[in-house]
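Chain IDs A, B, C, D, E and F follow the sequence of writing; residue 1 opens each chain.
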């Protein structure tokens, strides 16, 4: 019955990679806490780099500097 | 003053249906807990089916199987 | 398969009132968008009044003024 | 190490304004609680006015009335 | 730089199990999307069974029935 | 009408410091985006250090090492 929300910057994750995240975190909860995969919900949010900040500046600005 | 976040898959909910959700949950909080509708905030997130997982797989894959 | 998060101030909601919220919002999603109740998840967060702000001040301060 | 999520209606905030929010809230956490800016994460969600409700109705409806 | 929020019912997860979740999901994001572990943030919320609903009723009620 | 959620580790923030965060972020949204303070909602979550991970390990473990 767990609920997992994964937020990443929108930088081209493929449907296959997102499916791998969903399968992987569902299995991790089963293995670690014996949670039922059938009712484990995973929601992935992809966030524009203008809308994600770290270190006081946006990821857009950091990427432009090569970080 | 409550805050409600409703996450659903992005599968064509209309503006009318979303207005019905907003009105309905605001009224539910007034009726149940006497919360003031004027300051009840509701945010609806519509999530791509590739980005929503249940049972360890994406809703896209489940829909393709007819689930 | 919806996920609903309801945040309210921690001011004595009973288990019965919270059960009413869970049943009510699940039914609202079934009626409005034909969502399956069996996989509708609802999480209620009760938040200390010191930790909830509106109008630039905490609910603790507002309650002390009689609001 | 704080995590801040700011939700606003999608009504034309510019990249510059969003950068100002990111810088401002990061500095606020440094000044108030001595939190390290290098690991402070800020995520801004811009939400369609159909999907944001207050007072039991959507912001789209309120804007149409001039509110 | 990802942010992951894991919500589970409060039913006695140990510090060791929670550490395993943190390590596991951080590694999953590194392996799948090449995300930097140093800036991957994981927050685990443990939610009272009265406050978690599925199928229109609380987990407290379901546990009492043996589910 | 913005909604802001601030998550910090539970390490003794006082009611005064939390009031300062609420006032500060509300003013930042007014100044930057002309948002109405009267309907700006701020929710602060304080999270146990066992439940917060960064760099693949819990803050409890990091604090024990002096980080």
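Here is the rule we use: a contact is a pair of C-beta atoms (placed from the backbone, for glycine too) under 8 Å apart; a residue touches a chain by one contact, two chains touch by 3 or more.
Chain-to-protein mapping (UniProt): A, B, C, D, E, F = Tautomerase.
Treat the numbers as computed from the prediction; the structure is a model and nothing was measured.
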**Q.** Joint neighbours of chain E and chain A, given as chain labels
**A.** C, D
Q) Hey, how far apart are chain A and chain D in touch steps, shortest way? A) 1
Q) Counting shared numbers against all numbers at the contact of chain B and chain D, is it over half, same, or under half, different? A) different
**Q.** Higher-contact pair (C-beta pairs counted), C-F versus D-E
**A.** C-F
Q | Distance between the centres, which are taken as Cα means, of chain C and chain A, whole angstrom | A | 25
Q | Rounded Å distance between chain D and chain F, as computed from the means of their C-alpha atoms | A | 14
Q: For chain C and chain D, let me know how many angstrom lie between their CA-based centres, rounded off.
A: 21
Q.
Going by the contact rule already set, what residues in chain C reach two or more other chains?
A. 1, 3, 7, 21, 39, 41, 43, 52, 54
**Q.** Category of the chain touch graph - line, ring, star, complete, other
**A.** other
Q: Identify every two-chain combination in which the chains touch.
A: A-B, A-C, A-D, A-E, B-C, B-D, B-F, C-E, C-F, D-E, D-F, E-F
Q | In the complex, chain F residues that touch chain D | A | 1-9, 13, 17, 20-21, 24-25, 28-29, 32-33, 35, 39, 52, 54, 59
Q | chain F contact footprint on chain B (complex, rising order) | A | 1, 3, 39, 41, 43
Q) Can you list the residues on chain C that touch chain E in the complex? A) 15, 18-19, 21-23, 26-27, 37-46
Q: State the interface residues of chain F toward chain E in the complex, per the touch definition above.
A: 7, 47, 50-58, 60-61
